[in-house]
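Below is one structure, written out as structure tokens; the observations come after it.
Think of it as A, B, C and D in the order they're written, each chain with its own count starting at 1.
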Amino acid sequence: MAHYKIFGQDPYWMNFYGLMILTLIEVAAVGLDLTEFAESYGTTEKVVTLWILTIIAIPKFIMIAAIFMHLYGDEDSGILTMTALFPAFFIIIMVLFVGLTHPDAASGLPDWCRPGNYGL
Amino acid sequence: MSLITPLYDSLWNEYLVWSLLVALFTFGWLYHHSFFYRSEDGENPNVDDLEVGVFPVHYDDLKLELAWTIAPFMLIVYLTYISWAPLDNIWSSPNGGSFGDECDYFNNESSDLYFDDDDGLKGAYKANCYHTIEITAKQWVWSFDCGTLEAELCESGFTEADGRAVPHLSLQAGNAYLAYMTSEDVTHAPWFVSLGVKEDVLPGQTTTVWILAEDVEDFLLLCTEYCGDDHAYMMAGVTIHS
Amino acid sequence: MSGDYDHDHHAPQPWGPHDWGHGAPHNSFSPLFMSMGVAIFLFGMAEAWSYGTYNPGNIPMILVGLLVVGLSLFIWWRQDLSFDGHYEPIATGVPFRGIQIRKVGVWVFLMSEMMVFTSLFSTYMRYRLGIENCGTVFDRGMFDPVTNPTGWQEGVTVTCFEPASHLIASSWWHIAPGAINTFALIISSFTVVQALRYAKMPGLDDEVRRKKVYRYLGTTWFLAVLFLTLKMVEWFIGFYVPEISAIGLHEHDIISLVDEGYTINADHYQHHSYVDEATGAHMVADIQVSASLFYVTTGTHGAHVAGGIIGLSYMTYKAWLGGYTPKNAVSIEYFGLYWHFVDLIWVLVFPFFYLY
Amino acid sequence: MGRNMTISRSMVALLLISIAMVVSPAVNSLPTGVNYDQISAGGCNCHAAAPNAAVMVTLDGLPEEYNMSETYQVTISFTGGPSAEGNANLGGFNLWASGGEITPLDATVQSNGPSEVTHTEAGNDYTSWSIEWIAPSHGRDVDFVVHVNSVNGDGNAGPEDQWNKLTLKVAGSLGPGLEEADPYKVLATLIIISGILLAVTVLYGFYRTNPDAFDWEHLAPWLTEWLTSTDHKKIGTLYFVQGLFFLGIGGILAMMIRIQLAVPGNDFISQDQYNSFFTLHGTTMIFLAAMPLINGFANWMVPLQIGAPDLAMPRLNALSFWLQPFAALLIFTGVFTGEGADTGWTGYAPYIVTEGAHTGVTMWVAGQIMLVASSTLTGINFLTTMAVMRAEGMGWMQMPLFTWSILVANLMLFLSIPAFGVGLIQVYLDRTISTAFYDISAGGDPLLWSHLFWYFGHPEVYVVIVPAFGVISEVLATSARRSIFGYRSMVYAMAGIGVVAFIVYGHHMFTSGMSPSLRFVTMLTTMLVAVPTGIKIFNWLKTMHGGSLVYRTHTLWALGFLVTFTLGGISGMFFPSIAMDTHLHETYFVVAHFHYVLVGGTVFGFFSAIYYWYPKMTGRMLDERLGTLHFLTAFVTYNGIFWPMHRLGVVGMARRHHTYFITTDDFTNLPEWAADWNLFISVSAFLFFFSNFIMVANMLISLVRGEKAPADPWGGWSFEWMTSSPPPTPSFDWHNPPVLKDANEHIAHEPGRLGQWFNRLMVPEDHEEVSH
């Protein structure tokens, strides 16, 4: 249980308000027409929306994990955070190897893999 | 006499030598210790004073442990080094790789494939240019398409092997071929047994394999990616003529 | 390390005072029945559908499977109902010493759940990046007097990736169920924490605690059910928008995703925005892979919510009986960890499947 | 006809077939003429796919009922089809009889062995051929099968040609003979027999517990106790029995495969049966035999070794177990309907989702989904147990190595298996409600399955080998009466193997068309695997140094493990080299390699574990003489099976083929000696299979007559030797839990920098009332 306060208030309520506000921004970012704003930065609305969504998703993620799931402020928070972060390496490997590789002819081998590049 | 191809054989022999050395070392050690340190009848000294409920005294030697971390590591670095070299051959780029560009059909350019023993670490295949053919697989038949190549260079048809009619591919020795392959149904893989190459044939995608026809020989081509009932019968005859 | 369990919370006694002469603690038919039920269920599912062909004669088998699983859950919970937390097992091994064992267990379970959703997201990335987007394909094939004088012709089918968000983000009304669901899940995360807080709060009157806890858990249950209902509305049912001229609303129906033709069998999918103005022809697309991804990924998340509902139903009942006290309130915490995790996954699923 | 009759007849038939297989010579293809072995499965499918009624086949000269040993002149002729006067050739035939002897009469016909004739090159120009048949002397009914093709004479076999088939029965005076056994029935019969044997054994086990109370009133609660138990020792025993049972089933499947491969061109089982047998052999051995055996020992020993009274979540443990037998039922469902899964244990897409694959695949997938659930629950339970329930004084670095190996294995399994589970669910949905994950025409990617599968599959093979490392570490150290050499480097090596497992899986896909950069990266990482494995082997060898090696059966198995596992490790070094892998991939070299590490590694390791821990588990000592006999026979025959396979693979024998081709005049494939070696392998396989029954017999006999075991028969140090044999329930007294002492107490016990940092994360010891 939380033994701390956020801005002198109850942490769960504060966290709840924060999450609601962030989600409202998310929905608004999708609903509002950001074309002009995007064009002023030389990009498309889709890209701007995606950036906003990604940037907001991170604090939401942390807020839920840290406060609601008690990964902050409890005696056992440290070791449980380590437990929760343990799969990070394996997640990265799966995303890299499974999600982001693409089949190609063997000739698609980049030069840095080629022995000729190293004088072999 | 080469077992598969010179490229494969030189690696194979080198690996075999190292395997033998490692095996001799390990088994010699094992043999010696298992007899030299066997306890005699009735004698059963508790060497390290093992006792129930007590984590035994550490028995280690950092130098030794490091030695057999580093020595195998060096060995595998060397083995990686020698196995890296043939990559340029088996995964050559279609244009401008080890085998040059595609042969100019109208000028009767010749491929002139040969094995250069002195090139690189373990030797390498060299060619002037290469020919392209197409291989299409479906359950459980191969089909070869020679495109515009002359019959002398490439010819496809049917022949009989093991009492069944099977597709047949006839190639000319001394030529490098690049096969573009695709499948109509499930995954297959042609294995050019005597050339030691194989690559999966995927539906909806095109993969490539280099066929380096150096010597005159004939052999069966087998399917080596499981593809259903008649997987074993999905074969073809390959003739490399002079 | 000896002593009465009631006075020494550090004593490593995961199962409390137990008469070991009569077997291990918690002997139960539940595992046997649950495995049997799962097997019957999977068998029935495989018999009832074959490559999309539906054989209704096998539905009873699925129901029997679910019934057996339900029976085993009943056995399991009947044994748990009297659990009053007097001997919540505490870890003895470093570095977890002093933490409740089951809490560590839940976190380990969440590790595997992370890998499940990573696999689903990896599949999504592979297909999203590997198959060309329908919008790009359409733009490229559109009529242009110089570069593409033929334009789109009726009857040509292309394979491409059509993200569900193309449909969903096209209208405020389509996005409404998903958006409400986002709020529902966040609120329900909050209510679970509140339930835990009141269950744990020392010095609270029993009756006050009972009311607080079961009301908060009940709210969570209600929000979870709302989530799944809205999902059904969004997928299969659609809804009716009345005429409210004051805010400029016109009477119309919001069509569900399935009725829009966005289904796992959509090999001739058409969308009103994919019409070549010059030739008047539709782009006909095979979007089965993208639809499969959408329904299976959001469906897996939905299945987690459904599992949560089943658990919550029991917990709300136990709370209504006044079963939660500061000593066993940790059960709510364990459920809460799972529930927050489901919420976290939604934080990722929502932008990637509904908005982007 | 009673079941006993069927069983005995099937067994006799199986025996006869095996003998026939051994004595009959290898059938080679002939330059012309057709071979019955091949056309019996698919007909003359090189001449059009299906038989054509336009071709009328007649067989003249055969009697209604033959006289024994009499000679008959028979004429085979046909009319119809594209065959016509003036064609270059007219047609051909193959005649096969189940009995008697057929001899050609002229040059148009040639013999294909005593019971089969076919046309010659000259015979191609006829539509009718004559032969002589000498009736058999046994007097049983004889079947004749004649295949005839009618060709258009263009010299090529093709769909324009037509063929047909005629079967005929000639009665003998003694009526029908023994029917040939259907392999499916044989398999089912053997499984049922094994099930009955298991039931009898269970009943006998019950009888032995209390011979005076052998009645239903006592049996019912006894059975209930086993069905509902959450005791880690009881569940461990259940796992163990399940593992041994399926080891037998998997062995039977392997024997069927070996009969088929004993001679080239064999037709003991048809190709689709062969395909489902090797699929089920792989699935059974990995998921239903090896992993339950490991889990059996893990259940038994981990809580005992860490000084815990039970696992952290005992009821979840029971659920993990009970999911397994029901999963096994689903996996084998296909076999009993004749459509067993035939995808290989890897189940590559898109074949696994095509309708061409057997219908049993869906159930096989469903069963494996349940196994995934089971493994996940096991992982949660064991990881939690080992993390939180270690006894006082047992830090991470004081855990026995077997416990460490189970920790590493479960961590790997548990983090990798969700990928497999998700892949299986995708396939299950593709095959049922028709989603399109692997539908190629809709843009599905066949490699996605390979990635998801091998992301799990490679850690999985380490999951089954790493626990064997643990066993060997315990056994060798105890037998040599020494501490294990380099305890810490052993732990780091195991952890290293665990991490590396996740980044090397691409080496299964070197020829798969996968992203080439990834192939290259996995070539480098795969080479790395040799380092931690090498450390372990050298540490084991060094452990013996200066020791006093006591030769027991488990010691023999441990030394045998060192030999076979080292050989398997060395052959494994050939695969990361891509140039060699393009030749060796999917050959018998691979088969030899992984059987050397999985049988020579895992199974030998766990045989060692059986001899080592059996006294602890049952309170009875095993017979050492039978044990030594088991080791000698099994070790020799085992090497006889798998050592020749290396050579066969290199010269061109592909795996997952139901037959193989000896070089003929036409094309080079396997040399002549390959057939001899295959026969040798098959004989060795049978000997190996039966030699393991020595162990089963030893276990059963010792259970009854074995001498009573003391608490610590071998002189080990870990906690399991502290309790009595068999241990009580709970395994350790709550009020008096064990405390581990450390013989290294004199070494300064300050935690290192990592330890200090770790300590800061921990809940402070003196903190009362941790979370309220």
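As a working rule, contacts are C-beta pairs under 8 Å (C-beta built on N, C-alpha and C of every residue); 3 or more make two chains touch, one makes a residue touch a chain.
Source: prediction; values computed, not measured.
Colleague: Which chain pair is joined by more contacting C-beta pairs, B-D or A-B?
Modeller: B-D
Colleague: At what distance in angstrom does the C-alpha mean of chain D lie from that of chain A?
Modeller: 43
Colleague: Which whole number of Å gives the spacing of the CA centres of chain B and chain D?
Modeller: 26
Colleague: Could you work out how far the Cα centre of chain A sits from that of chain C, in whole Å?
Modeller: Computed from C-alpha means, the inter-chain centre distance equals 20 Å.
Colleague: At least two partner chains per residue is the criterion; list those residues in chain C.
Modeller: Expected reply: 95-96, 98-99, 104, 108, 111, 115, 118-119, 122-123, 126, 130, 200.
Colleague: Going by the contact rule already set, what residues in chain A reach two or more other chains?
Modeller: Touching at least two other chains: 1, 75-76, 79, 87, 90, 94, 98, 101-103, 105-107, 109, 113.
Colleague: Please set out, as single numbers or ranges, the residues of chain B touching at least two other chains.
Modeller: 86-87, 90-91, 199, 202, 205, 207
Colleague: Go through the chains and record each pair that touches.
Modeller: Listed in label order, the chain pairs in contact are A-B, A-C, A-D, B-D, C-D.
Colleague: Which chain C residues qualify as touching chain A in the complex?
Modeller: So the residues of chain C touching chain A come out as 95-96, 98-99, 103-104, 107-108, 110-111, 114-115, 118-119, 121-126, 129-130, 169, 172, 175, 179, 182-183, 186-187, 189-190, 192-194, 196-197, 200, 333, 336-337, 340-341, 343-344, 347-348, 350-351, 355-356.
Colleague: Hey, which residues of chain D end up touching chain C in the complex?
Modeller: Touching chain C from chain D are residues 225, 227-232, 234, 306, 309-310, 312-316, 318-319, 321-327, 329-330, 333, 355, 359, 362-363, 366-367, 369-370, 373, 376, 379-381, 383-384, 386-392, 394-396, 414-419, 421-423, 425-426, 428-429, 431-437, 439, 441-445, 448, 451-452, 729-730, 734-737, 758-759, 761-763, 765, 767, 769-772.
Colleague: Can you name the residues of chain B that touch chain D in the complex?
Modeller: Touch residues, chain B against chain D: 3-4, 7-8, 11-12, 15, 18-19, 22-23, 26-27, 29-30, 33-34, 37-39, 43-61, 64-65, 68-69, 72-73, 75-77, 79-80, 83, 86-87, 89-91, 139, 157-165, 185-187, 189, 191, 193-194, 196-200, 202-205, 207, 217-220, 222-233, 235, 237-238.
Colleague: In their complex, what parts of chain B are in touch with chain A?
Modeller: Residue list for chain B touching chain A: 81, 84-88, 90-94, 97, 120-121, 199, 202, 205-209.
Colleague: Spell out the residues on chain A that touch chain C in their complex, using ranges where they run on.
Modeller: 1, 12, 15-16, 19-20, 23, 26-27, 30-31, 46, 49-50, 53-54, 57, 60-61, 64-65, 68-70, 75-76, 79-80, 83-84, 86-87, 90-91, 94-95, 98-102
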